[in-house]
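Handing you this structure, nothing more for now.
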Amino acid sequence: MSSSRLCWPTPNGLPALGPSVILAACVLLLVISASAVELDLVRLFTAIPRMFEFASHLLVMPDWEYLPTLGVNMLQTIEMTFLATSIALVISLPLGVMAAANASPHPAVFHATRNLLTLMRALPELVWALVFVSAVGLGPLPGVMALSFVTVGFMGKFFAESIEVVDARQIEGVAAHGASWLQLRTFGIFPQVFPDFVGTVMYILDHNLRAAAILGLVGAGGIGYDLVMAMRMFDYDRLLPIALSIYVVVTVLDRLSDRFRRRLI
Amino acid sequence: MSTLEVVRPPLPKKPFNPTPVWLSGWLVVMWLIIVDLDLSFETLLYGAQDIVEYFSRYSTPDFADLSRYVELLMQTLATALWGSALAFIVAVLLSPLAARNLTPNATVYRIARETLNFMRAMPDLLLALIFVAALGLGPLPGALALGIHTAGFLGKFFSESLERVDAGVYEAVSATGASRLQVVMYAGWPSILREALGYTLYIFDRNVRMAAVLGLVGAGGIGLALHDTLRMFNYNESSALIIVILITILIIDYLSTWLRGKLN
Amino acid sequence: MSKIIIKDVAKRYANGFEALKGVSTEIPAGSFTVILGPSGAGKSTLLRTINGLETPTSGSVQIGEQTVTHASLREVRSQVGMVFQHFNLVDRLSVMTNVLTGRLSHRSWLGSLLYLFQRCDMDIAHDALIRVGLTDKAWNRADRLSGGQQQRVGIARALAQQPRVILADEPVASLDPVTSEEIMGLLREICTRDGITVVVNLHQVELAKRFADRVIGLNEGVVVYNGAASGLDRATLSRIYNRNGDQVDEQLETMLAYA
């Protein structure tokens, strides 16, 4: 009759080495860090009723008088996003070229720019926002500064990566007709990477909207401030409207950017 | 010598190029935003000197409290790790349901998709605030917030990868009489495993940055320490903290890029 | 045992296109049947109604005692193996694991979740690999094999199901002539030795003449020939391959070329 000994589909019947090692390593890391993250299942389970209680607090009539302010602050958040992304776009175009191995004017420039971009995106926006608030005061200015700064780091990197995978033969074609250094990049490289650029910008806009929504936490403008204040002052009638407006704006931008991307490419 | 008059057949009418319109529209919008946000270029310029002076205050980092910083850093990394693990598990469970070619029916698809979108849309900071309110201070609410928020991203990535697998492969496995779950396990995941792991590493990278920052709302980690030192204008310690955070993020970034390179 | 009864099957798509218009036929158990016809004749559609990959708009398909319905789909499919034109193997998995996917309908959900198989499943898969002559490649990744080898893995996967019927949808269309011969020979040998009913879609008339017992000629969704392979004379082939009512006999070669 058939044997019912179980085994894996490998020559020796044991699970494959690669996946097993990776799995074991991950489990090990999680176990080691469990205490650092203060993992406490009891605490989690006892918190569940509190979560429901909190959720029930949210389901109250919204603070109607607050809604106009909400609208203004959401608009501010959206404006910060677009402005910061635009500023970053203008700066990232030349930086991206300089950070691309096949388009950079000089190897030294290439390495310097690459490292600069890595540093620019290393710290999260909120950290820079903290620093800039400390430098120029409260308001949307430090927020836009922080957002632009970090965005250049990411956009520059993505642009450089897109440039590095262009088809060299198309570039050769343009070069063979005596194009200058700048013309080569404008007419040879740029048309090829344009779809990728659009995708990158859309993705970054999406990310920046969420980032802008929380910069207000440290006073750098936008809806984040309202959010934190509402939590701290237990203004439950404002919390749900704020959360919902963030959700709606993010989703609308998401759908719009999908459509925009399809039209452009 | 006779001169021939060149008669050229007319070219088709040049299609309307909307680019100048878009470009000027964009510039107008930017200008309007600057006005509305009341951003003063003057303040920025005049403040430039101030800013240089301001940044010079960070030039002498004070590493006296380094051991505490490292401990907080471990907490931050642990938060990111557990958050990413939670995100991975949730994403693995939901993404086949959110993949058009694997989902059992349209309703389940819609619900799964919208759930993932909702998780993505909620900023992790907001979720962290809520979880801190429910669980108290510490890294655990931060891990939960990160986990739920990034589950949305990971779920979307995974389901889009699953949708890109050749339909024929799914067909072949289900033609053997396999159940939907088996099709997902044997034709879905093996086909996208490399991409999936790459995305997961990317999300872990991102979570390390966010975990550093969640401390600002009491969700543990090094962010809280930075907030305190900055608030008390303790620039030397802030500088030390920023350097510690920076080095950690750079190391994780480098490791994850290296790992992702090996996956390809 | 594994007789296929196709009763009045019609398939009409949402855009109004009628792929099949009332096809009725019986495919005897253990026979090697080839379906011939020009592109768009409905060969693929007909084949796929047998294992439920297409649902007929009207009519029914019965395999042995069992009717193909939405409820019986998995049970039917476990008894019907399928071989595809583009092989449809899971590229990143080993040859052995690909063949083992043929055993999935016999595995519990928990076991298959963990990629666990029973010893007897491994033996059946091993036997299938011996049958197709690929044991030395058992642990290679499926995408590292040549086209002919990949198709043999596909056949091994079907064999691992221990099926009553094997369907092959243009199994050699992506292969060179020599390899095509090998694959058709393999399918024929399986049919003769194991008594499995084999139904193959082909567009190469020569292969049909050499390997088939019976031929079903399909043109624009209607059966225009249903008989022995030896009956494939010029007149029959004209009927099968003519388009838009062309009757000219001398243009047969051209018609076959464009089929």
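Note that the chains are named A, B and C in the order they appear, and that numbering of residues resets to 1 at the start of each chain.
Here, contacts are C-beta pairs under 8 Å (C-beta built on N, C-alpha and C of every residue); 3 or more make two chains touch, one makes a residue touch a chain.
In this text the structure is predicted, and so the values were computed from the model without any measurement.
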* Relative to subunit B, chain with the most remote C-alpha centre -> C
* Structure fact -> Contact tally winner between A-B and B-C is A-B
* Structure fact -> Here the gap between subunit B and subunit C, centre to centre from mean Cα coordinates and rounded to Å, is 47
* **Centroid distance [mean C-alpha coordinates] between subunit B and subunit A, Å** => 4
* Multi-chain contact sites of subunit A, meaning residues that touch two or more partners -> none
* To do: Check each residue of subunit C and list the ones that touch at least two other chains.
  => 97, 115
* Asked: For subunit B, which residues count as touching subunit C in their complex?
  -> 166, 168-169, 171-179, 181-182, 185-187, 190-191, 193-194
* In the complex with subunit B, residue positions of subunit C that touch it -> 51, 53, 74-82, 84, 86, 88-93, 97, 101-102, 104-105, 107, 109, 112-113, 115, 154, 157-158, 161
* Asked: In their complex, what parts of subunit B are in touch with subunit A?
  -> 26, 29-30, 33-34, 36-40, 43-44, 47, 50-51, 54-55, 74-75, 77-79, 81-82, 85, 117-118, 120-123, 125-126, 129-130, 133-136, 138-140, 143, 209-210, 212-213, 216-217, 220, 223, 226-227, 230, 233, 242, 245-246, 249-250, 253
* Using the touch rule from the top, collect the residues of subunit A that touch subunit B in their complex. => 26, 29-30, 33-34, 36-40, 43-44, 47, 50-51, 54, 75-76, 79-80, 82-83, 86, 118-119, 122-124, 126-127, 130-131, 134-136, 139-141, 144, 210, 213-214, 217-218, 221, 224, 227-228, 231, 243, 246-247, 250-251, 254
* Structure fact -> As the complex stands, subunit A meets subunit C at residues 2-11, 15
